[in-house]
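Please find the structures below.
Below, chain A partners chain B and then partners chain C, in two separate complexes.
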Partner chain A sequence: MKAWVESLKSGLPGKDVSPLQFFGKHGISVAFVVCVVVFSLASSKFLSADNFFTVVMQASIIGTIALGVTFVVIGGNLDLSVGSLLSFSTVLVVDLHDKVDPGMAIVLMFLFTLLIGAVNGYLIGYLRLNSLIVTLGMLSAIQGITLVYTGGKNVDIADQENTWFAFFGREELFGIPVPALLFITLGIILQIVLVKTGFGRKIFAIGGNGTAALFSGLRRNRLVFSTYLLSAFTTGCAALILGSRVMGSQNNVGEGYELLVLAGVILGGTSLLGGSGSIVRTIIGVLILALIQNGLLLLGYPYYTQWLVTWGVIIVAVWLDIAAKRGKLLSTY
Partner chain B sequence: MKRIFAIATKQPIWLFVLAITIFFSFSSPYFFDLNNFSNILVQASTIGLIALGMTYVMINGNIDLSVGATVALAASLAVGLQPALGIPGAVCVGLLSGIAIGALNGIIAWKTGVDAFIVTLGAMIGVRGLVFIYTEEQSFYAFDFAYSDFGSSTLFSVPTLALIFIALTILAHLMLKYSVHGRNVFAVGGNRVAAKEAGIRVGPHMLINFILVGFLAALSGILLSTQMGASTPNLGRNYELWAITAVVLGGTRLTGGFGSIIGTFGGVLAIAILRNGMNLLQVPSFYVLIILGSILIIVLIIDKRFAEQQGQGVGA
Partner chain C sequence: MKTQINSVRTIGNVGKVLSIAGAVSLGLSAMAQAETFRIGITQNNVGVDSYQTTYEQAFEEAAAEADNVEAVVLDAGGDVARQISQVRDLIQQQVDVIIIWPTDGQAVVPAIKGAVDKGIPVVVTNSNIAEAGQPLIASFSGPNNIQQGAYAAEMMCDQLGGKGQIVQITGKPGYTTAVERQKGFEDRLPEVCPNVTILDTQPGDWNREKSQRTMEGFLTRYDSIDGVYAADDNMGVGALNAAKAAGRADDIVFIGATNFAVGYEAMARGEYHGSVYQSPAEDARNALKTAIAVAQGQKVEKLSYFDTPKITPENMDEFEKPVF
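Showing the complex of A and B:
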């Protein structure tokens, strides 16, 4: 975080830095500030601690998944299966809550979620298959498994009032909603892992140049495998929040989440080619999407207006990023 | 024997189509029947039309995730505007909307240099927003029965929709194989830099392909709405994933430069036959999802093995 503030200072436009480079580097932070300022001016309800926590809470499910997916993307791969996996994990934890007990349900949910992550990781890490197609196949397969498990019926927790399972989605700790707290805490931990540990550096290395990393003695297979375990783990955490908040689950609750998650990751400036990215920026990216949603709703627009705005924001953000690296606004072909 | 092996390595999906056709013919008395076959073709046409365009886009080294939303936009416009414009006018507007979305995607990908995956991911979210803004979350019904009659009409006792699909498949195959554009699509997908150095205009070819897939997605949406006599704002969800699945099953590589319409047609048929056959066997549709997902991964493993034997990596 401190390094990020430092880099922000050093990159201010001036003699050495063109406006294009500035926006390319810090466009996401600028966009975040612009969003906050515009919505604050437009709606008196926007700028309050209460509303801020609402935004973070809304962002928490997609955001928590995006944390793990950021690792996968930095490692040079994609994970499209997280949406289906979220459905599967949520259904599993909610269904097992009544059948065994809450604690056991959570343990089993994480076990099976990590197992699926391991399958992804084995196919992509060890068999070196194309990650987009493998996770596309897994998206379909996991959706099928979920439906087979439930027989097509939605699941519910019978006694919703008297279970400590409500902690993860419905309660507050130190005046902060637990989902927001979980999301931010996990974000801070993973940012430290990514930036301060050897593991994090290795992920950057395999994403930047896999062959070079392999020849330098990094175990690419194992590292890719671990990124998929991580994205499965954060998806499990998101399922915990979602299941606890809703106290029930539809079979397809996570449908389409994989692409919203990717939208947040991409908005945060993580390159789909791998080798660059940051957890902090992913969090900002996800928060911008949630801010747009929240702000437009407060201004009285129907909820689907946010999708239109998101479209523009994603393309402009990535465009500026690329244009800054290229030094020119338009491409050359 | 050698020839069979050659086909198996080049178009393994057709062996699979053959295998499941034989399997379902023996296991269900209703499967091997001309009526059922034309049924399968009609069911296949929705994803199939999109997959034809997607093949071009993917051979070109791009991808289009916005086709599902385009399906909904075109269908909503084509049904919703009927009271105002009449059927021909509304259908034209629907088709134009697909062309417009494709052109927009193509121009953005061309001029900004942003990866097509990101451009169309944005469009997928945004176009769905457009659909909801236009429809205000309402479903539309076609009150003129001529519209839904078209969806169930036949020509020479073959369903019209199946004929349209077959005709466009042949057209797409010929264009990919024998036109200058088709050749350049392979060249650009195989090696974009080399293609550019050789004087091929990379951008316009990308643009044409995005317009093509936009148009075909719109057509698919409109034909789907003639089958239902209605349109819903959530129409076409996940169709992009199904279309990509069909194209990949057909042997087109995500890295570009390799693929065929015949393979895609096989992939589309494989999905449609599986769905139809398992439906006839009264297997819950859930299992189809698992089987399709597994097949996709198995095809990838086989493809990888063959590529390694021939000393060429599948890449990325």
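Showing the complex of A and C:
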């Protein structure tokens, strides 16, 4: 957080920094502020502590997954399996909640979720298979496993009122909804891991130039492997929130979430080619997507405006990012 | 039937003409008494949800019970290409009727045309196909989604006592079921309850968590909500979750459709106020019944709906808890 504030200060427009560079670097923060201001002016309901926490809570499931996926993407890979992994993990934790007990259910859920992350990581890190193909295949494979496991049935927690499992999705701590708290806390920890530890710097290195990193003595296979463990772990955390919030799960509850996650990561300016990105900016990216959804709903716009506005915001964000890198808005060749 | 013909043939050369005539007449009379129909079905995606799983079981049971039916049961696994080739297989096997649960209402139309061109009538089950295919098919057997929407409007009206402000959470945009239920609801509501207004309509994508998020938005935006209509119980329970978290559930009437186990249980707890009971077994039996009628050359309605009654806290004892 501190590093981010400092980088924000150093990037303020001065005689050395053009406005374009400023927007390229901090466009996402500017967009966040613009969204908040516009929606606040348009709807009296928007700017309240309650609604703010609602937005953060709504963003927490997509957002928590996006934290881990940011590591994967910075490392130069993709993870498209997180949507169906979310379905699988939620089904598992909800189903086992009644069959064993809540604590054991959580342990087992994380075990199986990390196992799937490890398979992804092994195939991509050690066998050097293409991450798009591996995780796309894993997306369907997990969907199949989930269906076999449930036999097509929805799973539900029988006694929803008296279980401490409600803590993760339904309760508040210090007046803040627990999902929001989990999301932000995990985000701060992972931001520190990313920018302050050797592990984080190595992830940047393998994503920026894998071959060079390899020649510098970095264990690329092990690092890539660990990014997939991380994305599986954050997906498991999201499954806790989702299962507890809904107290049940459909087989396809996470369907399409992988693209929402990726949209948040891209909006946060993390390069799909790897080597650059930031957890804090991913958090802001995911929050902007949630703000758009919440704000437009409060204003009473039909649902498809959300899609259009989201698309528009992503295009502008990516454009500004590229424009800042080349120093002008349009490409001349 | 086969043994009868054989026994007639063993009479031998003596009365050859007689025997052939006898075989023909015996065969014809046997066919009139208990003609066996071969009915092929290609389903959408068995195993993806418990509705489709129960449907298949019920279909096979009903086919086994009917002594004049030989069923060929196939499943497309949600894959349009596989379904199209399954229709071709059924044409090759020269079944008497093909039942199809479309994986895609548009893409299967040419395959249906292929069957009809070969003289095999087609019955569509559960979800209807595109307009272009309508003249081809013998019948559509399934739930009347418009009627279901209308039922929901009537239950909403009853529960609200004719007055109030409600919100609507629809299914996935573009899905026929979602569109029809919305239309049925919105057309019927002003007829029975002109003083009930719909404040807002947003999609919940058949997803309980999405519906919960949508409802949270509604609760922030509107200080007074008297009722929620959700296009299925999964989403209805999502809306209920949101309202409970905001401490406003007691003031709101919840009406859904396609009664799920969670909706049934919430209704038993007194938190949920109405839904539409759609039985997958009834869906399957109706499809088979329609197909047999088509095979026998009876005149069948183009739209052969099965009954999907209202379920409310008052009459829920008459219904079993749904399996899905």
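Descriptive notes on the structure:
By our rule, the second predicted complex is superposed on the first by the 327 of 333 C-alpha atoms of A that agree within 3 Å, B and C clash if a C-alpha of one lies under 4 Å from a C-alpha of the other, contacts with A are read in each partner's own complex, and residues count from 1 in each chain.
Heads up, the rule we're going with is that a contact is a pair of C-beta atoms (placed from the backbone, for glycine too) under 8 Å apart; a residue touches a chain by one contact, two chains touch by 3 or more.
In this text the structure is predicted, and so the values were computed from the model without any measurement.
Superposition note: with chain A as the common reference, chain B and chain C are in steric clash. Legend: residue contacts after superposition of the two complexes on their common chain; A:61 is shown touching chain C, with no touch to chain B. Shared-chain residue A:304: touches chain B and chain C both.
By the touch criterion stated above, A:30 is placed in contact with neither chain B nor chain C.
When the two complexes are superposed, the chain touching more residues of chain A, out of chain B and chain C, is B.
Legend: residue contacts after superposition of the two complexes on their common chain; A:51 is shown touching chain C, with no touch to chain B.
By the touch criterion defined above, A:294 lies against chain C but remains apart from chain B after alignment on the C-alpha atoms of chain A. In the superposed model, A:214 lies in contact with neither chain B nor chain C. Legend: residue contacts after superposition of the two complexes on their common chain; A:118 is shown touching neither chain B nor chain C.
By the document's definition of touching, neither partner reaches A:176: not chain B, not chain C.
Of the two partner chains placed by the overlay, neither chain B nor chain C lies in contact with A:195. 147-148, 152, 255, 302, 304 are the residues of chain A that lie in the contact sets of both chain B and chain C, per the superposition on chain A.
For chain A in complex with chain C, the touching residues are 43, 45, 48, 50-51, 54, 58, 61, 147-148, 151-154, 156, 170, 242, 245-248, 250-253, 255, 293-294, 297-298, 300, 302-304. Residues 65, 108, 110-115, 117-119, 121-130, 132-133, 136-137, 192, 196, 201-203, 237-238, 241, 244-245, 248, 254, 284, 286-297, 300-301, 304, 314, 316 of chain B touch chain A in their complex.
Against chain A, the residues of chain C that register as touching in their complex are 47-53, 173, 200, 202-203, 207-209, 212-214, 216-218, 220-221, 234, 237-238, 241, 245, 260-262, 265, 323-324. On the side of chain A, the complex with chain B involves touching residues 80, 123, 127-130, 132-134, 136-145, 147-148, 152, 255-256, 259-260, 262-263, 266, 272, 302, 304-308, 310-312, 314-315, 318-319, 322-323, 326, 330-333.
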